[in-house]
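Here the structure is laid out as C-alpha cells; the discussion comes afterwards.
Each chain gets a letter, A, B, C, D, E, F and G, in the order it is written, and its residues are counted from 1.
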Amino acid sequence: MALLAILLSSLVTAALAPLLVRVSRRGASVSLSLVPLSLTVWLASLVPEALSGTPPSFHAAWVPELDVALTLRADGLSLLMALLITGLGTLIVLYAGAYLQDSPRLGSFLGWLLLFMASMLGLVLADNALLLFACWELTSVSSFFLIGHDSEQEEARQAALRALVVTALGGQALLLGLLLMGWVAGTLTLSELHAAGPALREGPLSLAILLLVLGGAFTKSAQVPFHFWLPSAMAAPTPASAYLHAATLVKAGVYLLARLSPVLGGTPVWTGALITVGLVTMVGGALLSFGHTDLKRVLAYATVSVLGTLVLLLGLGTPGAAQALVVFLTAHALYKGALFLVTGAVDHATGTRELPQLGGLRQAMPFTASAAGLAALSMAGLPPLFGFIGKELVYGASRHEPGGWGLAMGTAVGFVLLVGAAPRVGLRPFLGPRSEATRNAHEASPSLWGPPLVLAVCGGVLGLAPGWAEPLLAGAARAISGPDGGHLELTLWHGLTPEVGLSAASLVLGGAVFALREPLRGALETLHLERWGPSRLYGLSLSGLRRLADFATGRLQNGSLYRYTFITVAAVAGLLALPLMLRLGIPEGLKRTLHFHEAAVLALLVLATGLAVMTRSVLTALMALSVVGLTESFVYVLLGAPDLALTQVVVQTLTVILFALIFSRFPVQPSGGRSRRRDAALSLAAGGLISWTLLHASAAPPQTRLAEAYTSRSGPEAHGRNVVNTILVDFRALDTLGETTVLATASLGVYLLFRPSRRKRQT
Amino acid sequence: MREIITAVFLVVGTLAMLLAGLGMVRLPDLFLRLQATAKAATVGVGGLLCAAAVDMGSLSVVTHVLLTVLFLFAITPVATLLIARAAFHIGVPLWEKTRENDLAEKYKSKTPHSRAGPLLDGK
Amino acid sequence: METGLILVVGMLYAAAIYSMLRRSTVRLALGLVLLGSATNLALFTTNKVTRSLPPLLPKGGAPVGPLADPVPQSFILTAIVINFGMLALLLVLVHLAERTVGSDEMKHLNTEVPPPSAPGE
Amino acid sequence: MKNVLILPVLIPLAAAAIGLLLPSRAGPRRALALAATAALTAVAAGLLHTVWREGVQVLRVGGWEAPVGITLAADLLSAMMVLLSGTMGLLCVVYSAGSLEERQEAGAHYPLVLVMLAGVCGSFLTADLFNLFVWFELMLVASFVLLALEAERERLEACLKYMTLSLLGSALFLIALALLYAVGGSLNLADLAMRLPGTKQPPLATAAAMLLLAVFGLKAAAFPFSFWLPASYHTPPVVVTALFSALLTKVGVYALFRTFPLLFSGDPGLTQPVILGMAVLSMLVGVTGAVVQYDLRRLLSFEIISQVGYLLAGLGLSTRAALAAAIAYWVHYVCAKSALFFVTGALERVTGTHHLGKMGGLSRTHPLLGLLFLVPALSLAGMPPFSGFFAKMALLRAALRAEMWGVAGVGAAVGLLTLYILIKVWREVFWKTPPQEAQGPSGPAAMLGPCVVLALLMVGLGLGARPLFVLSDAAAGQLLDRDTYIHAVLGGDT
Amino acid sequence: MSSFLWNLVLAFLWAAVQDDMSLGNLAIGFVLGLLLLSFVTPEPGASPYARKLVDILKLLGLFLREVLSTNWRLAREIATPGIKSQPAIYAFETEARTDLEVTLLLLIINFTPGSLGLELSEDGKVLYVHNMFTTTREEFIRNMRENVERPLLRVLR
Amino acid sequence: MNSVVLRTVTRQMTPVLLQLSLVLLVRGHNAPGGGFVGGLMTSAALILYLIAYDVQTVRRLVRVPPVRLMALGILVALGSATLPLATGKPFLRAAWTKLPLPWGGELSLGTPMLFDVGVYLVVVGATLGFIFALEEGEVPEGGHKEDI
Amino acid sequence: MSGWFEGLLHGVLTALGVSSLLTLCRLILGPTLPDRVVALDLISLQLVGSIAVYAVLTREPGLLNVALVLAIISSLGTIAISRYLFHSGKGEP
C-alpha cells in the first residue's frame, strides 16, 4: 500500500505543479521539492523490509484480461533505483525552480518533470511487466516534452522528436517481446518469471523475445548504434538533462536488462550481444566525447560510455558484475548528475557551454567549482571517491570472466578515455585564466550551486564510508544475480590487486589522453562521424519514409476519380477471380432454351447498351439508355414481374426527364479518348467474372422456401393478392420505410443543393 | 371464334408495327418517319390492344385497353407536334423531294442556330 | 432466357464500368444508370422459375401455374427506388460541378492537392 | 417482442421528419436534435444493459417470424455500437451548436444528421442482409447530402468521388445478395448461417464473401477500397467529418464483424488471409498517406484508414481474443478520432486554417487546446494511460498468440508511425513559431465541452479499462457463438 | 358530353343493381340508357343526345375510312422499294376557335395517316400540316375542310 | 413551349391521370401497383402539367411544399408502423378491419394501406422536389424560397 | 389455348421484336436528335404492343396495367426531351 501511495502522491504532485507555479513562482519549486524529499525518506524507511525475504509489495487487478495488473514490488534493486530517482528528483526540482526562474513555462516544465519522476518510479517499482512497459512509455512521452521545452528552437523540437522516435521504436519492440514472454511464461509478474526461465531461454520463441527486449533496452539506454539521440537530447534545459540523461531515463534500459537477466540472461546470445554492444558503446561513447566542445555534449557522450559499461556488466552476468553494476550505476548517477547541474550553473552564469570559451571560474563560482571538481574526480575514478570503488569493481568483474583479461583491457580503454574526459568537464572551466565569457560570471542563488554540491559530496561520503550503502547495494545486486549472489564488501582498499594496477594505469594514460585532447578532436572531426553514423541513418530513414510515402500516396491517392474507380474495380475483379479460379469451374446444368422473341429482347439490350457506350453524343446515349430501361422492363414482364416493370418504366422516364432538365445547360462533350483499351479490358473482365458467377448461381438448385411461404400466406395473413406488394408493405415493410426515407433524403438534398437562392449567390 | 378474331387483330397490329419499324429505316426524313410512328400508334398498338381486349374480355381489361388507347390518341400527337416543332427549331432538314414548305418563312431567321449544331448532328 | 440474360447482364456491367471510366462526369452518371439496370437484372436472375406467372394470386382459388419468386422482385423494387433517388442526387452534383468548373471532364475536378514535400526534419 | 429495438431507428427518423416540419429556425431544430440524440443514447444504454443481463434481444418486425419478416437483433456488439453512435451523435449535435452558423443550423443539418443516425442504428440492429443494404443506403444518402451541402467546389468534388465509389459498392452489394439468395434461399443472417455450411455450392458462398468483403471494405475504407475517404473527409464542416469518422466507416467494419464470423467461418482458408492482407495494407497505406499530409484534416482522414486496418486485423485473426481486442480498439478509436476532429475544429477556429504550416505556438497561447489535443493523440498512438494503450496492446497480443508475426509487427510499426505523425502535428501546431500569433478564445463551451468529455472518456477507458475489456470479450464471445444468435433470431423452432 | 356521362351512369346502375358487372350486361345497360336519353334530356335546352351520337358515329366512320385508305398507301410506300410520294407542308386556316376544338382537330389530323400537324401559329388560326400524298394545295385544303374539320365541329358545337 | 394543344390535352387528362394514380395506390395490394407506382404516376401527371404550364401553377395546385409532403409521408408511414406499439404488438404489426359497405360486401382496411399512403406521399413529395428544384434552378429569378 | 394460337402469339412477339430492332437501327443511325427521339417513341409503343400480346399469351390481365402506364408515361419522356431540344435549340432555358 505504501508503494501505491508513493506512486500516487508523485502523480498528484505532477498534476498540481502547474497550478502551484501559477499561485507562486518562487515558492513552488521549494514546496514541490518537499514531495520527492519526503518520498525519499519514505522509501529509505522501506529499505529494511525490502532487504528482508519478503519485500514490500502491492497488488491490485487492472485489466486481468490482458495480464496487466497494478503489481508493485520493492526489492533491493527497485528501491535503490527509486531512491536515486526521488533523491535526485528533490535536488533537481529545487534546481529547476531557480534555473527556469524567468521562464513563463516553469509550471509545465515542473509538471512534466514530476510526471517523469512518477513514471520512472512506477517503472522501477512495477512488478508487472506491462505496468513497467506503461511507465516506460510514459517516461518516453514526458521526456519528449522535457527535451522540447524550448519549443521555439528547431533544434529542441528535432531533438525531442528524435528521442521519442528512437525510444518509442524500442518501446514497440519491447512490447512485443514482453507480450511474447507473457505468452510463453504464462505470467507477466516479474518476480514470478524466473520459474519460466528455461522456457524463455530455450523455447522456440526465445531468440525473438531476447532480441525484442534488447531492442527496447538498447534504444532506451542509448547503446550503439541507437546512442545518437542522447547527445542531441542535450537541447533540453539542463535540469532535465541532468535528471533524464544522467541519472534516470537512460538507466531504465539497464534496469530492465538487470531485472530480466535472471530470466533471460546467461545464454550465449545474451552474453555475446550485451558484451559486444556494451564494449563498443563504452569505448565509442568515450571516444566520441572528445569530438565535442559543448560541455553537455561531452557529458552526454561520457554517459553513453558509462551506459555501455553497465550493459557490458550485465552481459558478464556474474555476481561480481552485478555488484559492480549497482555500485557503478550509483556512483555515476551522483557524479554525472552533479556535473550536469554544474554545467547548467556555468551556462546560467556565463551564457555559454563551449569549452574553449570557458576558464578561470573557480574564484567567481567557488561552490560550483568544488562540486565540479569532486564530481570530475569521481568520474575519473580517483580515490577516495565512490567512482573509484565502482571502477575497481568493474575491473574486477571483467577480469574474473573466463578470458577476461582481454575484456578487462577493453574496459580499460574505455576508462582511460573517460579519465581523459573528466578534467575537460570538471576542471578546465574552472582553472586557468578567466576568459571573455566568464569575466562577469558569479555564483547565483544557492538553489543553483547547492544541488550539485550535495551530489558531489554524496559521492565523496559514499567513497569514504561505503558501508552505509552496502546493505542496499548488496540487496540490489542480489536482485540481479540471485539470492546466492555472493557477498559484497565495499572498501576503498582491497590491497594491491590487479584492479588497482589497472586503475593506476588508466589514470596515467587518461592524463595522457587529456593532454592529447586537441589532436584527438581534430582526428575525430576529420572522420565526420555525423555524415555516416547512425544519426545519418536515422535522417535517411525518415526522409526515405517520407519519400516512399510521398510516392505511394501520390500514385494511389492522386485525386483522380478515374484512378480510384479503376483500382476499385480491379480489386473487386481480383477478389472475385480468386474463388472462381480456385474453386469454380464451368457451370453445369444451364438452361439453354431461348425463344426468338427473347433473343430479340436480348439483342435489343445488347445493341442499345453498345450504342449508349459508343456514341459520342450524350443525348444519344441517354436515349439508348432509355431503350435499355424499357427493354429491361419488358424482361420483367416476360419473367412475371409486372410490379417491377411498372416501376422501372416510370422511374426510367423520370430519369430521362431529370437528365433532360439537367442537360439543358450541358455542352455536349466528346468522350475521353485515353487508355480505352485498358479500360475495355478491365470492364470486360469484371463483367465476365460477374456473369460467370451468376451462371453458377443460376445452375444452383432453386430456392423456393420463401416464395412458397409468401404466396401461401399473403392472402390469408396479409390480406393482399399482390404478393410483391404484401412483401413491400407488410412482410418487409421496414425495408420500404428505409427506402422511402432514402428517396426523401435524396430529394431534400437536391432541393438544398439547387434552390434558387443558392444559384443567385454563386452567379 | 374468339381466338380467330383475336388473331386478326393481332396480325393487323403486328403488320402495322412491322411496317412502322421498316418505315423508320426506309423513310428519308424525320417528318415522314413521324408519319410512320403515328400509324404505329393508331393501327399497331390499337390492333394489339384490341386483340387483348377481345381475348380476355373482362370489364377491367376493356377499361384498361380503352384508357390506354385514349391516352395514346391524346398524348402521342402532342408529342409528335412537339418533336416536329423542336426539329424545326433546331433546323432539321426536310427531304429534298418535299415539294412545298409553308413553314419555311417562319423558321428562316432561326435556323440553323449556333447551339443547335451538336443537337442536330447528334454525334 | 436465363443463361442469355446472365451473359447480357455481364455485358451491361462491362458497359457500365467502361462508361464510368470515361473521365467524364456525365458519362459517369450514364454509367451509373447502366449499373443500376445491370444490378437489377442480376438480382432478377436469381428468380429461378422462368416464364412463370406474376405473383398475383387469383381471387379465391389457387394460381394456375408456377408463380415467379416474389422475393427478388421486392428487393429489386426497393433497389430501383433507391437507385433513382441516388441518381437524381448525383445528377445534380454533376451539374453543379460542371457549372462550377465549366466542364464535365473529371480532371478538372481535382483539388486534392498533391502532397507537398515536407519541410526539413 | 422487444419493441425497444426499433427505438434507435424510430427516434431519429421521427425527429428528422418532425424537424423538417418545424419552422426553419436554429433554436427549435437544435432542441429537437438534442432531445432525440439524448433519448437515443438513453435507449441505447438501456438496451446494452438488457442485452448484458438477458442475452441477445430480438424484435420480429411486424410480428413475422424470420426469415419471412425482417428481424432486428441486438447482441452485445450491436448494442455497444448503438450506444456509441448515440453518444457520438449527441456530442456532435452539441458541437454543431457551438461550431455551425445560425443559418446552417436552421437548415437541414440536424434532420440529415438524424437520418444518418437512423441508418447507422438500423445497420447495427438488423439481422437481415437486404435490410442492412437499405440502412446502408439511408446512411449513405444522408452523408452524401451532408457532404455536398454548401455546394462549394471542393465539396462537390469530394461528394462526387465518394458517391461514385459508394454507388459502385451498392451495386456489388446487391450482386452478393443475389448470390447468397441463390445459395441460401433467404437473406436473413441467422437463416443463412444455418444453410450456408450445408450448401452444395460452397464456392458461390465464397464468391459472395469476397464481394461482401469488397462492399463492406468500401464502406469501412479499407485498402484498396479506401480512396473515397481521404478524397472527401477534409471538405465539410468539421462536425460533419467527426460524425462521419465516428459512424460511417464503423458501419462497414461492423458489417464485416457481423457477417464473417456468422456466415463464412466455415471457409477460413481463403477469406482470412485476404482480410488480413487488407488489414495490413490498410494500416500501411493509411499511415504512409498521413505521413505526407500537411493538411490537418486530410492527415487525420488518412489515419482513419490505418485504424480501420487494426480493426480488420482483429477480424482476420478471428480468435476470440482478437475480436475482443478489435472491439475495444473500436470504441477507443471512435472516441479518439472524434475528439481529434473536434479539436481540429477548435484549432481551425482559432487559427483560421487547417494547414499545419500556417499554425504554430498554440501550446503557449492556448494550452487547454494543447491538452485536449494531446489526450486523444497520445491515446491514438497507444500511449498509456489512455484507452488506446490497452486497445493496441490487446490487438498485438492477440496477433502474437495467433502466431501472425507479420500482423503484429506491422501493427507495432504502424503504432510507432502514428505516434510520429501525431507528434509531427504537435510540433507544427503547438510548438513551432507561428507565421502569426493566434489570439482569441479557444472556442465556445459547446465546442470544447465535447472535447473535454471525450478526453475524460479516454482517460476513463484507460484507467478503468477493465469494464470495456470485459464487455468486448463478452461481445466477441457472442460473435463466435453462432448458435445462440441463430437460435435467438430464428426463434424456438429451429 | 354530360349526356354521355349520364348514359354511362345509367349503364352502371343497370349492371350494379343486377350485381352483374360483365361487359355484355353493361353494354345492354348502355343501349337501354341511350334509348332512355334519346327521349329524356337531363339538361334542358341541350340538343338531342341521340342525334349528337349519330354525328359522333359518322365522324368515327369517316375517320376510320380515312385511316384505312391512307394507311394502305403508306404501307405500300414503305414496303415497296423506292419512295414515290412527294410530301409538302401546307398552311391550313382553320375555323376551329376554342382550344378544345383546335386541339381535337390537330389530334385527328395527326391520326390520319399521311398528314401530320407540325405547328400552330401563335394566334391559333393557322395549322401547318405535313402531307404525304395529296397532290395540290387546294385538294389538301378541301379534303381537310370537308373530311376532317366540318364533321368534327359538327360534333363539338 | 406553351402550346395550346399541350395545355388543352393536359388540362383534360390530368384528372384522369390523378384518378388512375389513386387507383394504382389503392389497388396495389391486390394488383400491380402500390404506393410507389401510384406516387410516381401522380408526379408524372403533375410533371406533364408543369411542362404545359409552369412551376408556380403546379405549386399552387399541390399547395403543400414537397419537403413537407415528404416529412408528412414519413410520419404517416411511421405512424401506421407505431400504432401497434400502443397495444403491445410488435412494430409494424398490421391491423386489419372489415368495413361493411352500404351497397353490400365489405372493404378490408388495414394499417399496411395507411403505410402505403405514407409511401405515396413521400414519393410524390420526393419526385416533385426533384423536379421543382431542377426546374426552378433554371429560371433565373423564378420560384419562391421555401423554408425547409 | 390452342397450339396455333400460341404459335401465332410467339410469332407476333418475334415480329414485334424485329420491328423494335429495326427501330433501334434508326436510333443508332440518327442522324439528328429528333430522329432518335422519334425512334425511341416508337420503341416504347412497340413495347406497349408487346406487353399486350404477352398478356394474351399468359392470360394475365394484370399486365395491361403496365401497358397503360407505359403508354402514358413514355410520351411524357418524349415530350420532356422535345421540350429540352426546343429550348436548347433556341439557346435559352
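In this text, contacts are C-beta pairs under 8 Å (C-beta built on N, C-alpha and C of every residue); 3 or more make two chains touch, one makes a residue touch a chain.
Here the structure is a predicted model, which is why all the values come from computation and not from measurement.
Q: Can you identify the chain nearest the overall CA centroid, using each chain's own CA centroid?
A: The most central chain, going by mean C-alpha position, is D.
Q: Would you mind checking which chain's C-alpha centre is most distant from the centre of chain B?
A: A
Q: Taking contacts as defined above, which has more of them, F-G or A-C?
A: By the number of C-beta pairs in contact, the winner is A-C.
Q: Centroid from C-alpha atoms only, then distance chain C to chain E, rounded to Å. What do you get?
A: Result: the chain centres lie 44 Å from each other.
Q: CA centre of chain E versus CA centre of chain G: separation in Å?
A: Going by mean C-alpha positions, chain E sits 25 Å from chain G.
Q: Cα centroid separation between chain D and chain E, in whole Å?
A: Distance between chain centres, rounded to whole Å: 66 Å.
Q: Based only on mean CA positions, could you tell me how far chain B sits from chain F in angstrom?
A: Distance between chain centres, rounded to whole Å: 31 Å.
Q: At least two other chains touched by the same residue of chain D: list those residues.
A: Residues 13, 20, 61-62, 107-108, 130, 134, 137, 141, 144-145, 148, 151, 160, 164, 168, 175, 178, 181-182, 186, 230-231, 292.
Q: Which residues belonging to chain E are in contact with no fewer than two other chains?
A: Residues 106-107, 120 of chain E each touch two or more of the other chains.
Q: Name the residues of chain C that each touch 2 or more other chains.
A: 20, 28, 42, 45-46, 48, 53-54, 56, 59, 71, 77-78, 81-83, 85-86, 88-89, 92-94, 96, 100, 109-113, 115, 118
Q: Which residues of chain C touch chain G in the complex?
A: Contact set of chain C toward chain G: 53-54, 56.
Q: Looking at the complex, which residues from chain G come into contact with chain F?
A: 62-63, 65-66, 68-69, 72-73, 76, 79-80, 83, 86-87, 93
Q: Report the residues of chain F in contact with chain A in the complex, numbered from low to high.
A: 24, 28-37, 40-41, 43-44, 47, 66-67, 70-71, 73-74, 77-78, 81, 92, 94, 96, 108, 110, 112-113, 115-116, 118-119, 122-123, 125-127, 129-143, 145-146, 148
Q: Sort out for me which residues of chain F touch chain G in the complex.
A: 1, 6, 17, 20, 24, 31-33, 37, 41, 44, 47-48, 51, 138-139
Q: Chain G touches which residues of chain A in the complex?
A: 595-597, 599-601, 603-604, 607-608, 611, 617, 619-620, 623-624, 626-627, 630-631, 633-634, 637-638, 642, 645-646, 649-650, 652-653, 656-657, 660-661, 663-665
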